[in-house]
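So, here's a batch of structures to check.
Next, two complexes with chain A in common: one pairs it with chain B, the other with chain C.
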Partner chain A sequence: MELLAQANFWLEPAGSPALYTKLIFALLVGFGVIGLLMVAPPAARRPVVAFATFLAGLYWVMLYLWPVPIAREPGQLPRDGVESVGFFLKDINSDVVSFTVILTSFMLGLGIYSLMRIHVGRIRRHHEDAFFSWVLIVSLLLMVGFGYADWSSRLGERSALLELRDNWGFVNYARDFLFEGLLQQMDAAMFSIIAFFIMSAAYRAFRVRSVEATILLATALIVILSLMGAVAFEWDEGVARMANGNPLLLNLQLTEISQWLRNTFQTSSLRGIAFGVGIGALAMGLRIWLSLERTGGSA
Partner chain B sequence: MTAVLAQVTGDQYRDTGWFGVFLTLLLCAFILINIARARGGKDLYIRRIAGLNAIDEAVGRATEMGRPVLMVPGLSDTVNAIAFQALNIFTYVSRVAARFANPILLCCYNAAVYTLAQEMIRDTYQKEGLGDRFDQDSVRFVSDRQFAFAAGVSGLIMREQTAATFFLGEFYAESLIFAETANSIGAIQVASSTETTQTPFFIAACDYVLIGDEFYAASAYLTRQPILVGSLVGQDWAKLTVIFLIFAGVIWNSVAGQTRTTRVWNATKKAYEDVSERPMPPDQTAITNLFIPRKEAITVERTVDPNFTPEGG
Partner chain C sequence: MSIGERLQSIPRWGVYLMLILVTSVPLFLPIRVPNKPVESTIDLYAALMELPTDKPVLIASDWTKSTRGESQGQFNSIMRILMRRGINVVFYSTGDPQAPRVYQDSMRVLNEERAVAGEPPYERWNNWVSVGFFAGSEAATNGIANDLRGAFRGRKDFAPGRGLIDVFESPVMRGITKVQDFPVLLVITGSKTSNITVERVSGKTPLAFAVTGVMTPETQVFYQSKQIVGFAGGLKGLYDLETLMEVGINTDNPNTVKSEKYGSIPGFPGQKNDGQGTRYYPTLHFAMALMILMVVLGNVGLLLTKSKGRR
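This part shows the complex of A and B:
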């Protein structure tokens, strides 16, 4: 186990032929395995996928359940078998995460392929919205091109220099304009639309149609008013004067009622939902891990 | 060479106690036991869930109107249990849509979810013997930026005039953008978010909402597969256990809070000390310490590897 933790197959100098050879070898092996799985009949494929799923899940289960060695410093040796496993699980964590990142990168490629297939198809068919497909493809290429150029210009010693805008070149300005100037602003514009949608949704939700809707309307009104500083202040002051020190009547203060609603009803309801969701996720995770789930619309 | 260290944090058994791990394993056991029971032919009951009964109604309406059904499996950053469950429900929706030759649109936020969705939906059509009806472009990756995705999906809803929309999974601030856009064109909406902060938005704007764990009950309810039904009953056992623990904890803690103690934790001496009697503080009751054990500083001695070379050294 120690040997496994120490051996680092990828420990070659960056850009060296040995590293590239190993990368190409790993890619070929990866594609070979995928190719084999694709040509294999489903009955043969299923146990392989189930085993891989179990193995991948087992790592995370072990990482959670196995006692984590505390106060570990670099270079220390484990005291016993339990710690050896704990050390091993921690040490391979970055490799497991890297593996996940690599898989995700391949998936992103497939996602972009899907996007391009739809939009190139539209351009070919002279679809009425083909102009927007052009916009998407050109934007994608520009963002990738200038993003990469900007990233590579910041490598090494120039990184510190480019902290100052005065030292920026065309690619840095172009990337900044595309990302900060356009994309982030459009994101913010979409986000701001929510304010209007909240208004229209609230208008429909808070109409008095039934007993439940009326209760909802009343509680919402109390909470909204309690958050309006001037209203809450005037109400609370009025109640305080009327109560004349009576602690029972002081409970009628707007902020008190609002707090009671939130602590007693809202928090407990949210926690109840959270328990249900957590247990549901646990069951779902177990079924996926143990390959008990049958998908694909099987009834 | 010996390193002597005194550190407190870093060990989940010390942070949450053995009871947390024991409880997790117990809940897992409940689920697995009930799956075994259901596989053994035991007839298990599931209550009616209105939001799920509405699926057939929504797809039927889309068929009558000749307009597509739109599905969004949330904004999960990777293929997790939530995205997987959403896709499970969508395979059912797609099966019903395939039988009626109704067009579908499944928009993905994450490329990994997209790949899985493509396979699952294609598989559904093939199992129904309707592989030729599957349009590869009906399952599409839109964007992995939250509001670009929101803009893309909203645009699709408006352009395609979808008759039925299903928003199931992890949703955040964009939930209301989807729901209100679909509402503006009169689409029938079934939604569920595992994010409790978004559930009220869906309730305000959608026709049917699956709340909390109803989302996870959906596939069992729709397919009645013994494994899923058994798992659902196991979840109910787990919930009953949690409810029992809450009640027991409330009573136990209330009683403990009325008792008096002489034990006080001295942080300087790192030990308990006997003092004159005082009320039991809430963080010292037995039930609190069961879940949140007292973190005492400890000393760990380990040998350092003689061949170890520090980084940069």
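This part shows the complex of A and C:
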């Protein structure tokens, strides 16, 4: 078991032919398995998917529940079966994590494939919005091209020099313009639109139509005012002058009231919600892990 | 249409126009808003100022420019503190594939700022190292918590004149074998990666966060239960941080922030402390004032309509 944990199939020098051979082999095996699953009848596919799901979840459940070493010395050997399993779980952790990270990374490829399938199809069919599909594909290719060229330019002796803008060349400026100048700014612009929705929604929805709505409105008002530094500062200073050291009256400071609301009502409500969500996620996780969830386990 | 009905039905474009005006105009006016930093930010500042200088800090930089109003400023302020204290940094991201590029670009801008101030650059590889992006926040954070060397295995960064080299060869990573070797794990995020970090890393090393305004309530839960040592929440948290950097805690400065929990913790007077927080906070002020005004107008309209109906 220890040997299994220590053996690492991928420990080959970066860029070596042996590593590339293994990568190609693994890709072929992976696609082969996926292809086989796709052509297999559902009755044959279901147990395979259920077993793989169970195995994937089993590791994390065991890592959480099984006693694992917390202060293990280098070269220390397990004393019994329980410790052997604990050592094994700890030793393969990085491999399982790497596997999960790689598997998740493939979702990026899946996303690109899906985007290309839709937009290339639109261009082929001369869809009325084909222009936007062209924009998307050209933008994607430009970003990938200049991103890779920028990265390549940093390999070797010029890497430190390129940390300063003065030493940039065309590809570095082009990458910066596309990523920082366009993509990131559009990202920020999209996000800032939320402010308009919040303002409009607050104006239309915050009405004192009931006792509950009035309490909510008053609470929101106190919290908003406490976030306005000038208001909170002047209020607190005024109360401090008026209180003249009286600790009871100091509780009337806006920041104190706001803090009390947050610590007493807000955090307890959020904890309640978090517990509810946690229990729901646990139930859902169990159903998926044990393939009881038909939409998750019978794919 | 009665006045009450008019007050309740201000057209959407009118609301939007007012918002554009109140958020744009303050950007051109040099307004310094008085401030009283909240306890969570005071704790964050104190934690940053009390860090040992011989150990690197681990930073999960999980923000992109979509939340730059808050996250960019928080990143800059935290980095200015760490750079001035000479503390090395290890960066990684699990929240967004764009995040590593964003923090690398931000470090370049901060270095340009240091060059203008006549300070030596904070060198990549020698002062900070980028471990890069990990897809799948839950698994990656779990790996970092349980086996840091395994999680960072095979990760490379640019070494001056040497190209891509294993991050563990960087002087920044010297002596680092597990997450407990870092005196603090700082998470600067615009997403839920802070929650994932608490779930996976809590108890292994102290945690401190810089989060967006919308995440402040849920982060408060972890702060109250002492699972994190401190946090800066939203623009207010950022402005608090910049205020603390200017006046310090319990110092001789007449405007210093008073705190019974700490002794004297200096600020960085005379250096560039004002950033996005100082610039954007008046805008937030006016936007909130407008929101209160709009809510009041809507409710006055509702009450007028109701009283007219009763008559």
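As a working rule, the second predicted complex is superposed on the first by the 237 of 299 C-alpha atoms of A that agree within 3 Å, B and C clash if a C-alpha of one lies under 4 Å from a C-alpha of the other, contacts with A are read in each partner's own complex, and residues count from 1 in each chain.
Everything that follows uses one rule, which is that a residue touches a chain if its C-beta (ideal position, glycine included) is under 8 Å from a C-beta of that chain, and two chains touch if they have at least 3 such contacts.
Just so we're clear, the structure is a prediction, and the values are computed from it rather than from any experiment.
A.B. asks: In the overlaid three-chain picture, which partner chain does A:Ala274 touch, first (chain B) or second (chain C), both, or neither?
C.D. replies: The answer is both, since A:Ala274 touches chain B and chain C.
A.B. asks: Look at A:Ser16 in the shared chain and tell me whether it touches chain B only, chain C only, both, or neither; answer first, second, both or neither.
C.D. replies: neither
A.B. asks: Of the partners chain B and chain C, which touch A:Asp187 in the superposed model: first, second, both, neither?
C.D. replies: Once the two structures are laid over each other on A, A:Asp187 reaches both partners.
A.B. asks: Tell me the contact category for A:Ser139 with respect to chain B and chain C: first, second, both or neither.
C.D. replies: Neither chain B nor chain C is touched by A:Ser139.
A.B. asks: Is A:Asn251 in contact with chain B, with chain C, with both, or with neither (first, second, both, neither)?
C.D. replies: So A:Asn251 meets neither chain B nor chain C here.
A.B. asks: Could you look at A:Met107 and tell me whether it touches chain B, chain C, both or neither (first, second, both, neither)?
C.D. replies: both
A.B. asks: With both complexes superposed on chain A, which partner does A:Thr264 reach: first (chain B), second (chain C), both or neither?
C.D. replies: A:Thr264 sits against neither chain B nor chain C.
A.B. asks: So, does A:Ile118 touch the first partner chain B, the second partner chain C, both, or neither?
C.D. replies: first
A.B. asks: Between chain B (first) and chain C (second), which does A:Arg207 come into contact with in this model arrangement: first, second, both, or neither?
C.D. replies: In the superposed model, A:Arg207 contacts chain C only, not chain B.
A.B. asks: Identify the overlap between the chain B-contacting and the chain C-contacting residues of chain A.
C.D. replies: Touching chain B in the first complex and chain C in the second, residues 100, 103-104, 107-108, 183, 187, 190-191, 198, 200, 202, 204, 270, 274 of chain A appear in both lists.
A.B. asks: Under the stated contact criterion, what part of chain A meets chain B in this complex?
C.D. replies: Within the complex, chain A contacts chain B at residues 64-65, 67-79, 100, 103-104, 107-112, 114-115, 117-118, 121, 129, 183, 186-187, 190-191, 193-194, 197-198, 200-202, 204-205, 270, 272-277, 279-288, 292-299.
A.B. asks: Okay, in this complex, where on chain B does chain A touch?
C.D. replies: So the residues of chain B in touch with chain A come to 3, 5-7, 9-14, 21, 24, 27-28, 31-32, 35, 78, 81-82, 84-85, 87-88, 91-92, 94-95, 108, 110-112, 114-115, 118-120, 123-124, 127-128, 136-137, 139-142, 144-148, 150-151, 159, 173-174, 176-177, 179-180, 183, 194, 196, 199, 201, 203-205, 211-213, 215-217, 223-225, 227-228, 231-232, 234-235, 238-239, 242, 298, 300-305, 308, 310-311.
A.B. asks: Given the complex with chain A, which residues does chain C contribute to the contact?
C.D. replies: Residue list for chain C touching chain A: 10, 12, 15-16, 19, 23, 33-36, 38-39, 64-69, 97-98, 101-102, 105, 108, 111-112, 115, 121, 123-125, 134-136, 139-140, 142-143, 146-147, 149-151, 153-154, 156, 158-164, 217-218, 220-221, 224, 236, 239, 281, 284-285, 287-292, 294-295, 297-299, 302-303.
A.B. asks: In the complex formed with chain C, which residues of chain A make contact?
C.D. replies: Contact set of chain A toward chain C: 14, 60, 63, 90, 93-98, 100-105, 107-108, 154-157, 159-160, 163-165, 176, 179-180, 183-185, 187-188, 190-192, 195-196, 198-200, 202-204, 206-209, 217, 221, 224-225, 227-230, 232-234, 236, 255, 259, 262-263, 266-267, 270-271, 274.
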